[in-house]
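For reference, the structure discussed in these notes is given below.
As written, the chains take the letters A, B, C, D, E and F, and residue 1 is the first residue of each chain.
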């Protein structure tokens, strides 16, 4: 498998089966080294900066199936490992996504791991130390993860939650890397590639986004993500007037506060003023 | 499919199968553009301002089935996605409304999304990014949403709830637009159309409602909605004296406080004084 | 169906099948108008003032079956809508009382609606706007309420509960009216009719109750209801000494506080002093 | 059925099948009147003062079966009304104790009703007003209580619980009476009758108990009950030294605090000093 | 059955089938009298002082089977009474330990009763008054306890828990006695008997324990128990150096605080200094 | 079975089937003595210091099967003991891991015991005193643990949790020992052995780790563990630049705070400066 990414930001021709990912630093090498040495990986970064895409890209590059689980408040260990179901003549065991990933030697990606119930993170422990086993208490089975199994988890450290955080004893079990929004040139290229707008328009959108991100005294729970830039570009390509597209994609989804919205709109209007 | 709405507020002749909706701005175009480009839509606005009607109208115009889910405190991901039921000889899987909508390529409308349990909003994530997939963890199935599938969610930002809000990482995944009560002329037309009262009475009711909405120092959890105006108009058309109809439809449902009620009633009586 | 009530308080001869109800104002007309125009009704008022009796009376007058649900902390949407039960060879669906009422075109009365879990109030929304539908998520069925279906809910605004209140977005969907204890003459007539005591004794009981209700500095969670007056009258007719009957029916059920009880008893003894 | 109790406190010969009960006031007449007029009864009073015995006595006197339910934190409406069980070929309905009592026209006694979950108290409402019906939501059945059905509930107002109290709207539906520890002569007779100790010893125990109950500055959650006096008398009759018996039955069960225990023991030793 | 214990602390020869118990006061007589007069017993005392052993000893002496239940946060009434299980062709009832004890006329010992859920303590009420019945609500059955059934409960009053305590209305139903750590001579004898160390070493361990228990300014949640002394003696007999044995058995299990541990170790080293 | 460890830190040749463990003090002897005398063992120490490895090592040395349970918030007694499952023609009992360990005479290791629900720790009590029994309430069975059964539990006292701690009455039932990070020479040997890096690099990593652990004013929830050192060494051996490897393995997993991360990185860069 050849390296297909270019650390300097060049967009290489990618085969259709490998999702487009525009690398920013050496994240691809680190992922691959962790994969080769069977180390679990923790990816930290804000919403919409490309973590999910990055994992999909790496799974395809490494030729492994990817099993993604969007974690949430009620996700329990049983949801990951499996449970007994009632069948025709007796109960049978139905593997959960984590168990399927271990059996197949797949990459298992737990998105927003901090959202999951605590028991789900602890069930990961025996998989993340040198034992690399998945004990299934309910059946008494104990699976040994094959060499190609890799566990990847992510969370957003900027979205503080008093009640939720990754337990230190869990974090300690991962090699970690931090994602952020890409630099201007890279982000422009992504917007162009994803939406099909002209590069000039993509560049204008990225400039507006960066001004919005730097806006002092604005209290948003989340910064404007690359994903929202792509949404705005999509609306524009669909015939929407740029200011209206930016409001629908970059202001309304981020705030309900009239003053905040007004400040954001002003920046947008200035950005598209002739 | 022709445009049937008139942005200037004219009531066009609508076929019976398309629910009446009186547009205020460019909301219909934005909805259609989001639909055509497969972007999920978030509608913000107060209770009773016509969000549900708007979505029903658009679904009919676009010729797609509409599946509506009224979200509530106990609505879980399993309620949306589906669950196993015990059948004649073995368990079988019963699709939830979201899964049905994905399979049919329907418009799925989650009303008052912030009421739902957090796991229901997070289950939407893979459907709202470029993957557009619905993973069904319990069966291991993974559905790819067809082109015509659209996810629409709504909530009321004015009804503050300390414990409940849409997670920023979820909001970020939607194109959004804000609804408010319609301007006088439009609201009068709606009241006339829905209740069948004379236009003069509808106009009187709208004027009273606007005075009530502007009443200083009145602390109501919700403003008087267009829906309540239609209720009052209905009672009046049924022979009810206007003041009594307004009290039953616009005062009693909104407050239990005697002083607040007295202030509202005074405005109503003044509004219908000869 | 003829009007059988008399707004001036006269007791008309009622057929046995129609429960006795003594109107105070125009509540019967308003109920009937709401019924005829398919508007849902909210009744507010203290415990024991006759709300339940009023609804039973109106249902009989309008010739519709009445399905009453006493709401409580654990009443869920599934309790109202229905659930799957395990039958002989497969699961079958068992309608809940709300679903039964919709299918039969009955009047469904949810008593003390604020006690119910939030999901039960929200499940009512599609039934209380112009759609008048009951979506049954678990089966995928969607019922259209017939013309004769009416939803009536009640709650007691005087019994404050910090954790419980009717959501503004729910209240907004109802025409509402407020009940209070009836005026002296009406209450005397009710006590006579219900217990069979002489009118003089009924009048004496009503006078005592009104003095108790006006007692300054007494902190009771609930005022003395008409129902309790009827209880006391029943005990008296059974041979109980009036003061003892009033203590058992009007003091002991209302307070555990010795000082409060002493003050109430003094008023009662004075009321029956020769 | 003849009256078997004597309001002046005389112990009448009782048939074996009627549990011994020593009346203090007119509680037996009130119970019987409430029974004859189908009024539900609320009994208030401290632990161990004879409420349960009183109800058993009255049920036997009135010749009705008695169904007693000890309420607790997890007692739900379904525990009282019934639930579906899985049988040989299909589910079948199993009546709960309240439903059994309604069907049999029995006296149903809910001991310590405030402990029960709120849904259990509200399910009682339709049984405690003039409708006297028990709606069984799960089956759609609606039972009409026969004339001989009576609902009796009790609770201890002295044992304060911030989170638990009988809802005013529930209390309002009962005729009520208050129990307290019996006067000396009556309590002595009860202790003699129940334990078989000499009257002199019973009198000594009652005197000690009354001194303990009056002890200033002692903070016990519960006063020394008649039941504990009977326990002490039983130990004494079994050969136990009186002071040791009183400590085991009247001090250790009431307090874990060394100072409180010492004060109580001192009173006991003084009471049995030669 | 002869008395086998000696109140003066002499170790009598015990048959193998009767667990060794070294009495301190008259606890054996009180237990036997409560058993003979069908009074329920409450034992209070710190962890590891011999409560469980005492009950096992008395059950063997009285020739009754002993059923012990270690109570915990999730122990419910159903765990004690029983539940329905699904069998070959229909559900069947499976007795819980309390029901088994009632049917067999056994001694039922609920260890650490305050840990149990509240519903478990209240289910005991009808068993602890003169009715001595166990109503099984789920089946409608009502068991009368035979003469030889005895209920014994225990808890540790020294381990304070704000959320947990025995309800006064439950405590009131028991004869009670308080346990403490045994006096030196008795404790030395127990350590010798249980571990097999020389009496001199046992005595030395008891002296060290007593100095540790008296240590001023040391804040331990639990005092050093007799059980831990036996553990230390066992390690010593296994070849462990005494100071190291005491640290492993009497310091590490009791504290995580370095300063507290240092103070305890100093006393231990001093106690074994030559 | 010969001793294979060397208290002075020498690495002996180990058979493949016995996991490598580098002893620091006399922990192996204490474990073996506890095993031989049937005493339960509590191991205290920080995350990643080798507790799990130590237990695996000892189980192999003692020739006993090891059953490990990673405890978590939702781990209940039923998860440990077992539960009924529905089989072909009736329910059958499925042993949990603790029951399996008791039946096989295995070593049962409950990792991070404080995470488990309280009922799981209390279910251990009868297994940890002289009775050594496992009562299975749900089946009425009572297992006597064979001589070779040993219970080992661990927890991390440094990771404070206000809501979670081992109940004193549970702690009291264990012989205990405290683990810490190994001294430099031992830790260097471990890193070399586990990762295969040169000893010089391992030594450099250990020095950096010790400087990081001593860093004043740094507030980390967990110290840098030996496991993370091994991770860094693995990345280095995979071709990663040492500073980058240390950041990915020793900074990113431990903190989300930019200032803390900067301070840690500075120490790392200094440590690898030429």
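To be clear about the criterion, a residue touches a chain if its C-beta (ideal position, glycine included) is under 8 Å from a C-beta of that chain, and two chains touch if they have at least 3 such contacts.
The UniProt protein names, listed by chain, are A, B, C, D, E, F = Nitric oxide reductase NorQ protein.
In this text the structure is predicted, and so the values were computed from the model without any measurement.
Fewest steps needed to get from chain D to chain F, stepping only to touching chains, is 2.
The angle of the rotation carrying chain A onto chain F, fitted on C-alpha atoms and rounded to the nearest 5, is 60°.
Copies chain B and chain C of the same chain sequence form an interface built mainly from non-equivalent positions, shared numbers / all numbers used being under half.
In this assembly, the C-alpha centroid of chain C lies 62 Å from the C-alpha centroid of chain F.
Distance between chain B and chain F, defined via averaged C-alpha coordinates, is recorded as 54 Å. Once the centre of each chain is set as its mean CA position, chain C and chain E turn out to be 54 Å apart. For the pair chain C and chain D, the distance between mean C-alpha positions equals 31 Å. Multi-chain contact residues of chain E (touching two or more other chains): 86.
The touch graph of these protein chains is a ring, one cycle where each chain has exactly two neighbours.
Tracing the ring of inter-chain contacts outward from chain A, first into chain F, gives the chain sequence A, F, E, D, C, B. The touching residues of chain E, when paired with chain D in their complex, are 26, 30, 33-34, 36-37, 39, 42, 44, 76-77, 84, 86, 89-91, 117-119, 121-123, 125-126, 129-131, 135, 137-138, 140, 157, 167-169, 171-178. Interface residues of chain D, counted against chain E in their complex, comprise 47-48, 52-53, 68-75, 79, 85-88, 94-97, 100, 111-112, 115, 156, 159, 194, 220-222, 225, 227-228, 231, 234-235, 237-240, 244, 248-249, 252-254, 256.
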